[in-house]
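We call the chains A, B, C, D and E, going by the order they appear; numbering starts again at 1 in every chain.
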Amino acid sequence: MTGMEILLLVAFGGVMLTYILGRISSSLRNTFAVVLSLVLVVIIALMYDKTGETIFYRGFFGIPMVLRINSLSWIFAMTISFIGCLSVIFSLDYMKVKERTSFFYAMLLLVNSSMMGIVLAGDLLTLFIFWEIMSWSTFLLISYNGGPAIAAGMKYIVMSFAGSMAMLAGIISIFTAFGTLQISEIAAGMSSASSGFKIFIVIVFGIAFGVKNAIWPFHAWLPQAHAEAPSPFSAVLSGVLIKMGVFGFILTMYVVVGLGTYMSLGGAIFSVRSILLVMGAITILVPTFVALLQDDAKKLLAWSTIAQAGYIMLGIAYGTSLSMAGGVLHFLSHVVFKSLLFMTVGAVEFRTGGIRDLNSLGGLIKKMPFAFTGTLIGVCGLIGVPLTNGFVSKWLIYKSLIFGSPLLTFVALFGTWGTVLYSYKLIHNIFLGQLPEKLKDVENTPLSMKLPMIILSFTVLLFGILPGLPLRVINKIVVSLGFDSLNISLWGIVSESGMLNMINLFAAILAGLIAVWLFLRIGARTIPVKQDDNYAAGAAVPRDRYNYTVKFYDPLLRMISPYLRDIFDTFYMKIADLTGYLSNGIRKIYTGYVGNYVMYIVLFISLMIFVQMKWSPW
Amino acid sequence: MVNPVLLIAVPLGLAFMVPLIDSASRKLTRFVPVAALLFNLILCIRLIPAVLENPIVINLGGFTPPFGINLFVGPLGLLFAGLISLAGLVVSIYSLSYIKNGPVVKYHMLYMLLLTGATGVVLTGDLFNLFVFFEILCISSYALVAYHGDRAGIESSIKYLIQGTVGSGLLLIGIGFIYGIFGTLNMADIAMKIATVEQSTLFVPMILMVAGLGVESAIFPLNAWLPDAHSSAPSSISAILSGIAIEVGLYAVARIVFTVFGISDIYLFFAFLGILTLLIGEMCAFAQSNIKRMLAYSSIGQIGLILFALALATNNTVTGGLFQLVNHTFSKGLLFLSAGYMIYRSGSMEISSLNGMGKRMPLTSLAFTVGAFSLVGLPPFAGFPGKFLIVSGALLKGEMVINILVGLVLLSTVIEGTYFFRVIQALYFKDGNGEQRKQAPATAVTAMIALMILIVALGVYPKFLADFLSSASSDLLDKMSYVGSVLK
Amino acid sequence: MLKQELETMFDNITIRMDKKNQLELSITKDGIMSVLSFLKNKGYDHLHVISCVDWIDDKQLELVYILSAYMKQDVPGETEQLNILLKTRIGRDDPKYITSIALFPAAEPYEREIHEMFGVDFQGHPRLTPLLLERDYDIPPFRKDFDTKQYVDNVFGSVPSVEGEDDS
Amino acid sequence: MHIIEFIFSPLLALLIGVFFLGLARKVMARIQWRYGPPVMQPLIDIIRLLSQKSASHGVAFNIGLVMSLAGSLVITLFLPFGKIAPMSNSGGMLVILYLMLIGPLGMAISSGESANPNASIGISRKLLLAMGYELPFLLVVLALMKAYNTTSITEIVSLQRDTGWSMFTFPLVLSGIAYLLILPAMLGVRPFEVVNAPQEISSGPLVEYGGPYLALATLQHALALFIGISLFVNLMWGGAANPVIFFLKMLVVFFLGIFVNAVFPRLRIDQAIRYLWRWPSLIAFAGLILVCVTGS
Amino acid sequence: MDRNQLKKWFQNPVKMAHKYSLHVVYFCTGCGIIEIPPSITARWDAERFGIIPVATPRQASLFIIAGYVSLKTLRSIIRTYEQMPEPKFTVSLGSCPINGGMYHDSYNTIKHLEKYIPVDGMIAGCMPRPEAIFVGVTHLWTLIDKDMADGYKRYRSNYSAYRANQEKILGKLEWPPLFPIHGEE
């Protein structure tokens, strides 16, 4: 029983046990869930530098189902368990008010364990089985809140189900072509396959992983799903679940299809790589500006997740060692700061009784300082302010992209400024400005929500200042995928074209901060003053009407909103209506009169005989 | 070694004993079908080892095959017999508590007759005998559809009756043709002599017989009766109808096309017909708001898929088709049974009335969810191996046309997923009018749990059924071994 | 031409045409509303201002309505622009009066100002709150008997200067 | 020697920035026919502001301002001033681009905390304006980096020594023109002085800044002016070998900016964005395409 | 910038800074606005003395009240004065704030402004010309030099008296007192 089998056994066993314990007593179940996720984190941490494959099950028509661990799957598994554990801790308080919590915990742990299964899968069949379990358990969790969540859940499941059907077709066509489903053997067989077959495989897997990764054409389901899912789960959903698509892309591009062939796949102009790059670039640009339009905090974050997935896609699809390291590191940093942001927004939603609309919040910094610091650090990570992990990963991506294709770098850099705008709108509308009357008696964030926030903020800064820690593991991945390794030092990269040194930067910024703080201290003491004592041209500050945060970037939005209608969202809706319309039409065949039915039978026979007489095809 | 004839004789005898037992003591009648089917199930299980070596052929009344009637119990026949007895047993346990009011005696008698007819069709080796058992099956199902006696029940059973009789009439004409040409009614004999006759003359009888049996097995143009019959019949009966009756019809069509006629170039047409039925079934189900009609249309869809799998006529796809058939019997049965009690509790068949059922009847909704997930083909449940085999077998053939059809199959699975998930969302995530929690009665729950265990077991460890199914598919496909064992 | 119509229509009305295009009417308190509506229908629908004059010696307050037509052609048959001054007198001690907001919504601020400055109580006025003044006065300030110097002494005089500055 | 440079270059930047502010007011006054304050007037203002005791709106109000000034100070370390370039080896142009984020972000957070609608309108205008000029600016910077095939700014300066000012070398002429067109917006000079407009939104984000805070804000403004001009001189005008010539070049650019400031009225924010996204962006884009085509 | 100027700068830079950088917030009520523009534009140019108009009281150190003060504007004047940072000076232009001036008998204007807020300098004249304003400013310099321009200190020390006067005229003020009023709860 290798570590991997124990891990999956404990994970899936834990799910059953949580549900049963939930029947007995909720506090017992909560502690068990937290302990279980901690144990999972420890098990995976212990499997740090191991690689290996074991066949763990032959029951499925004798096809060997294999579990595999290498540095790539280790880093993904580590993030999944880490974020899963934090979201369980986060949901202790969040779920207290809601009913059917044991169902929620069981599903949350089921999603986490099925993601671990995906990541550890050694062959495509195991991958597909865990992929499907993840899909339908996410569906149950997304539509957990009822009401609008149901439409969001339906849209999610239909798109992801279509994706997994495409994946099934791909897997089975590989099975029929090579007779085996083990990834290592497929990689060997793949080089011999015809390029048409390879393109088909890439397209099919691309659709499946594109839907999950919310790449630009397949992103329609994500905003509603994120906004409606309960906050602890939307932290997992946007942090880690989206990244299963990333894992899938890495798998198909570099392992199944292999590095050499991927780079030259497809024609000169329309090569798969350039299409992916262009899709990644569009995924950065369009959602960033759509995020500006959003008034719901979680929808804004959802659109920003899509945008950041575009960055990761750029990093991975570009195909040099620096860009791959940048892509994986950006995945890691995005998981950390995006779940931090979702948790803080969840805490605000929890404390203000479910208000997520950015126009009716404000001034919460005085009431919820912890949530503010969490959001501030998360936002700095999202933008990529130096000293945060977002900066390091974006720097890596740009460094590799700049000389190859400056246009893509331009799109990515301009996307950063779009990120600045919408993330500032998030932090300004929730925490700064005047505190409205109805939010007067909001208390601070509960303890169980503070803990994950502190840990995640600490990780954002730690990986920002000492990027060597994650980069050492990522270097192993880069090497295992067939690139040449980078020389990593603890605080940055010593690469050929200009190096990154975070410690000097950190020291410089720290010195600057201290100097300016002292300079401020020279000045006379300042008087703390409440929000009413404000300049209002001599008049008294009107209560509750001075909270000017509505339509924050109106001049810009009036210029660009006509271009931002979501054509794909309406496209999918049209397809749904079309099927509905078509099926109503077809149902009319069964008219309800027996005469018609018998006439059908006779018609069938006469048609057959007529065809036989005329052409006798049989 | 027990004589397989008992498989037919015992349920037939007990069926006619039911009124006598009823006059003796009211309570006992409900348990008669359970006993009969339990006996059948045990008998089938004991026959498995014997059948696996070589099929058992019994000549009724001692006459040798070309003249006498013979039973042919091969792995395929036994598979169906076992399936019928198992599903019948579970439904009979379910209907212990479900059927209380109305003519209970007639229900149980007709129920036994229906199952006898089904077992007879599956085991017989003689064409006319097939027609006789087929008639028993149809007539008892006409009557059972009208069991509730309400307006919808009677109307749909009359429609079913008219279509069924037209079908049987065509079947009879077909058999007459064959008898005219070959002078014999024994399938093996006909199969042997088939080569002597010129193919175009054989076409008309084949189409007539296929159309006749097709009406019962719900192939596209002929299945107009199914939605009304299944939705107005009591749930236990619609479970049996879509679980067993259609499958038996399909077996008969397959037996005739494969073994009796064996014209291989018509298979592609049946594949197209199967896909057509699948798409139409799924589309109509998508547009339904009444839960039982939705399940009925989804049965049409599944039958289309199985027909497509059988029509591809390679060992792999036929095994997949049979696996999907077994899965369909169990999960569709589970869906109908659980829907039965939910409708009984909520009062109306509309999906909107099922809102919030997850809280009121948690176990029944769980059963419904498991059934839905397995029918759609999600991994841990029985549907996934079936679909996996069908799709891999189809792609193995490698023809471009088949690949496109497989694409359509996957597309229809997406549609199927949509309307099943819509119902699941209604069950769990829409809040109903909040009556307090009230579970289904004990017998119904045991029936559902049994089916659930079967589904999950098949889903997790499909290997144990796989070898039995592959021998059954080889029994269906190669004509020579069938003829050899009958006319040895 | 309007003169004759007015004379025929209303009995106790006195009409004088002192300036070229200015018509002066004066009427008793209870007839004012009918004249106003008559003039409005005739086309004089623009109420310039309502002002008030305090005739302290004959104990009366005089209200003056100044009306005119927006455009010349609004008023059929009139050749050139005509301003109409409508005067009425009410008692000075408890001046009750009816509001003309129903006919001329623009009258609202004028009536509030007259109420504040002269103490005329307009019945039916939706909001007789103070318009310009900060403090409340016992004698409305614009009345002739309001002695500003004396008011200034006792209000502003009484404010002590801070810490012994010489009171200039 | 290295340590002195670390301390010396930010101080130098501050000094020059404040000198530029004073000079700006003097030149503006001269243009308007009045004597104008002594050139060291900003210094006097800062001393007076520091001695005043003003109101503070909470912790984020302080930290945000401190963060923004610290960010600008760190940028000066990266920008070569003549030969003095203390930190230019640990991270090139990309780090500068990202460090330029901290200034506006810190200012935005602290003035957001001051809970005044004028401040909120001011910040949204500041970020929109930044979005406006970033589009052409990024195109110009990318064209430069593609042309000189390096991301380190000191290398760009040294390469320009032999190929001449990049403003006049062939492929970069378009980028140079575009950079000139957006320079007033980057310096926050009159036609684009939308952010701290005293008349409309009573000096935007600075509405609640009292004594010491206003001192920090003026220093931040001075530094931003210095950074904008020195970046332009380094990238486009070849950045001199010794600091004096560098300072003279900065003076020329500064005077250019002030003349524009003295003459033009203030644009509305959407007019500013529409202008910035029309002609300068087109020229910059053409410049980048030109560089890509000829360069590679 | 002769020698003793430099000596003064080194002795006490803060006082000199206060003198030579008076950022002004103008309260232009009534006829005061007429005199301000000429004093800050080309002909008289107040900026030579470091006097610039600023938008908000927070950034100002000199508060110029130009013209008569009616009851309603007194409320805003008090609020603006209280929002200015601590070392602040007040100068009133015109004779109206001194003793009511032309409106000495009006029921609606304040007669003696220094009873409600401390005024450091008063420049008489029914709107003094810019030269008079600059003379006033130079006097203010000497006051600052001699530490006599201590209006804000007087406001702080006997705030309760000022507050009482304000509430006597304006009734209950709707913002809390700037400094704790001893003797009250």
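As a working rule, a contact is a pair of C-beta atoms (placed from the backbone, for glycine too) under 8 Å apart; a residue touches a chain by one contact, two chains touch by 3 or more.
The structure displayed is predicted, hence computed values, not measured ones.
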Intersection of contact partners for subunit D and subunit E: A
Which of A-D and C-E has more C-beta contact pairs: A-D
Centrality ranking, top chain (CA atoms only): A
Rounded Å distance between subunit C and subunit E, as computed from the means of their C-alpha atoms: 41
Centroid distance [mean C-alpha coordinates] between subunit D and subunit A, Å: 36
Averaged-CA centre spacing for the pair subunit D and subunit B, given as whole angstrom: 79
Between subunit A and subunit E, centroid-to-centroid distance (C-alpha), Å: 60
Touching two or more other chains - residue numbers and ranges from subunit E: 56, 58, 83, 86
Touching two or more other chains - residues of subunit D: 51-55, 202, 207-208, 210-211
Contacts with two or more other chains, residues of subunit C listed in rising order: none
Chains grouped in pairs wherever the two touch, ordered by label: A-B, A-D, A-E, C-E, D-E
Subunit A-touching residues of subunit E, taken from the complex the two chains share: 56-58, 75-77, 79-80, 83, 86, 174-175
List of subunit A residues in touch with subunit D within their complex: 363, 365-366, 369, 372, 376, 380, 383-386, 391, 394-395, 398-399, 402-403, 406-407, 409-410, 413-414, 416-418, 420-421, 424, 427-428, 431-435, 492, 497-501, 504-505, 508-509, 512-513, 515-517, 519-520, 522-529, 531, 533-535, 537, 546-549, 552-553, 555-556, 558-559
Complex contacts: residues of subunit C adjacent to subunit E: 133-135, 137, 141, 146, 148-149, 151-152, 155-156, 158-163, 165, 168
Contacting residues of subunit E [partner subunit C, same complex]: 70-72, 98-100, 104-108, 110-112, 114-115, 118, 154, 158, 161-162, 165, 168-171
Footprint of subunit A on subunit B - complex, ascending: 158-159, 162-163, 166-167, 170, 199-200, 203-204, 207-208, 211, 215, 221-222, 224-225, 227-228, 263, 265-266, 269, 280, 283-284, 286-288, 373, 378-380, 384-385, 387-389, 391-392, 395-396, 398, 406-407, 410-411, 413-415, 417-418, 421-422, 425, 428-431, 460-463, 466
